[in-house]
């Protein structure tokens, strides 16, 4: 049976905390170090765009599908991009089957907000005919293995899936949408790359990229999305509190992480 | 509104050279790749690629039954949850489980039950979660095959493995292992599974039209294909252990 | 309030039942033949009988494996030593329990089995202790659940376990009780005898080379405490390696080589 229980043993929590106080994380990383990323794009033949992303042992598969629909009345010439996440029971005995719960909704919404408030998905380019037909882009995140920090993995997965997308291009002809024979690719869909960084807090100590045991015992978490020079979204969860100085420090750190991650992962290489 | 590119099927399902659209002979299986122990948080797990099908399966059990009222006092229960990812099909599927998924879950459950010893585990449940992340015809057969591996990987005593394949008829000819297009545009679809301890069929469905002669031939084709796929399952199950043995054996026994 | 200290753990094995001293994986009669469910082990049903992990087929003409494991022939029994499996509680087993819930009349514990275990307050204090021992207020512990909290790790013994009832546990006994430090990892229960080794050879080697205290229990859980984080990490890596290679030969020697090497690579002493 399983290692992971809803109840975490006190000795495990103490073990993690006492080592953190000495600046040691139980997997040997230092406080601000990320686990290894592994990214594969175009893994799903049936999807218009897809990515399999692993952060340490956390594994997330993200797929992009499109549909054509009528636009929102207040945004008649803009397409729509919508995010969904499912925490599959495959990924952990902690995930129960059933309709999306708080955790999966939070995952989808945090990834969504980080991307939405950046100039990322170019919804103005996703209009086929004003007021009549726009693209609806679905970004669906499936968690395949849970080993901590789903948000950062989901964020990179979403960006990679969008960048590697190939969506049939439509034009308005005789009151209906017809295929031009061409495709929209990642560079049309995506502009900026917002990167989300998640931190955990146990006691007084804050660290990046919580692993599974750290995430299960942490008092709280904070996720910060940034573009090259702006913060685009923040989400604090759990019962921990953060000082103003800590938050400012994390904002700065996130900018640094954002720049480093964009450079290290070079997501644009996945464009078709 | 309809999608920009439509899901259309060609007139003929055989090419000029007599092969199937994906280049296969009539009785040729698609490439199949299987791996066990791929999900560390589950009690047992397996991953399968079968043509373009990509499927993950995890098993939890024996464990307590939630909700309680479903528990049986004299035996364990087997629950199978077959789900397809939204992006696994041509037109995005709604995330919530649909009727087809519920039906396939039940069919797979009935298929796997005969190999288990549920009466040894009263009051508990065995749960099999199957997630199709990319689909291309014959998913219920692929899912049954991968679920059997995941159950074995979980260390749950089994009478034997279970193997499944879909035989079909396209353009009047009987073929082995239907792909997505062949399933949708063909004349008949016969998914079936065999439990090896008694060499009997534990999954059997049919859609289409066939005369008795064709039906009998289909079952023969099925048996041949099932034996080949069974070999792949056995290899996958033993592979990781044998690799480790070979690495360290140095010829000893 | 009586203060229960963690007792130092001296013995290398859990001393409950005879077959713990037998490391099936290191046994001469265990072959290295890997078998899977449904595999035919023999058709000579005149001379052999189905033992552990095996069964007759319908017409009793063959003996079939039920598990993935190693084929073993002992006298005229054919057994399969499973490589994967779950823990089934038996009376007398020493296991590591995690208190997941409690109410006024009992503790409910996760023991890595299909059912959670029940620990009643009367099984947390030694019998025959008169109330008001050491004078002062009467000891309330023997009929209330105040001794342990949710999240506590306890080393317990299984008092009773059967098909139909939840297992009952006790913390009364040598080396039993609450652990206040160290950590617990879980491995595949069938591999536990391999961690102990033939006559405790593997666990003795692990303890000495990693300078750690280790307590191995039947439900796949191992409590350990090393000098420092580096030693503990190495020990955990070593245990995982044993878990992966349990079915190979020459493991004990290979493991001591591995640990010595890793100590050099990691700059440990």
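Letters A, B and C mark the chains in the order given here, with residues in each chain numbered from 1 onward.
In the analysis below, contacts are C-beta pairs under 8 Å (C-beta built on N, C-alpha and C of every residue); 3 or more make two chains touch, one makes a residue touch a chain.
Here the structure is a predicted model, which means the values were calculated and not measured.
A complete topology is adopted by the chain contact network, contact being made between every pair of chains. By count of C-beta pairs in contact, A-B exceeds the other of the chain pairs A-C and A-B. Of all chains, A has its CA centroid at the greatest distance from the CA centroid of subunit C. Rounded to whole angstrom units, the spacing between the C-alpha centres of subunit B and subunit C is 35. Note on chain placement: the centre of subunit A and the centre of subunit C lie 40 Å apart, centres being C-alpha means.
Centre-to-centre, using mean CA coordinates, subunit A is 31 Å away from subunit B. Among the residues of subunit B, those in touch with two or more other chains are 43, 63. For subunit C, the set of residues touching two or more other chains reads 86, 114. Multi-chain contact residues of subunit A (touching two or more other chains) are listed as 1-3.
Subunit C makes touch with subunit A in their complex at residues 86-87, 98-101, 110, 112-114, 149-153, 179-186, 220, 229, 233. On the side of subunit A, the complex with subunit C involves touching residues 1-3, 5-15, 19, 22, 24, 26, 28. Across the interface of their complex, subunit B is touched by residues 1-4, 43-47, 50, 57, 61, 63-70, 84, 86, 88-93, 96-97, 99, 133, 138, 140, 142, 144-147, 168-170, 177-179 of subunit A. On subunit B, the positions that touch subunit A within their shared complex are 1-5, 39-43, 45, 52, 54, 56-58, 60, 63, 66, 81, 85-92, 95-96, 127, 129, 131, 133-136. Only residues 31-32, 34, 36-39, 53, 55, 57-58, 64, 66-68, 82-86, 114-116, 163-164, 188, 190, 244-245, 247-250, 254 of subunit C touch subunit B when the two sit together in their complex.
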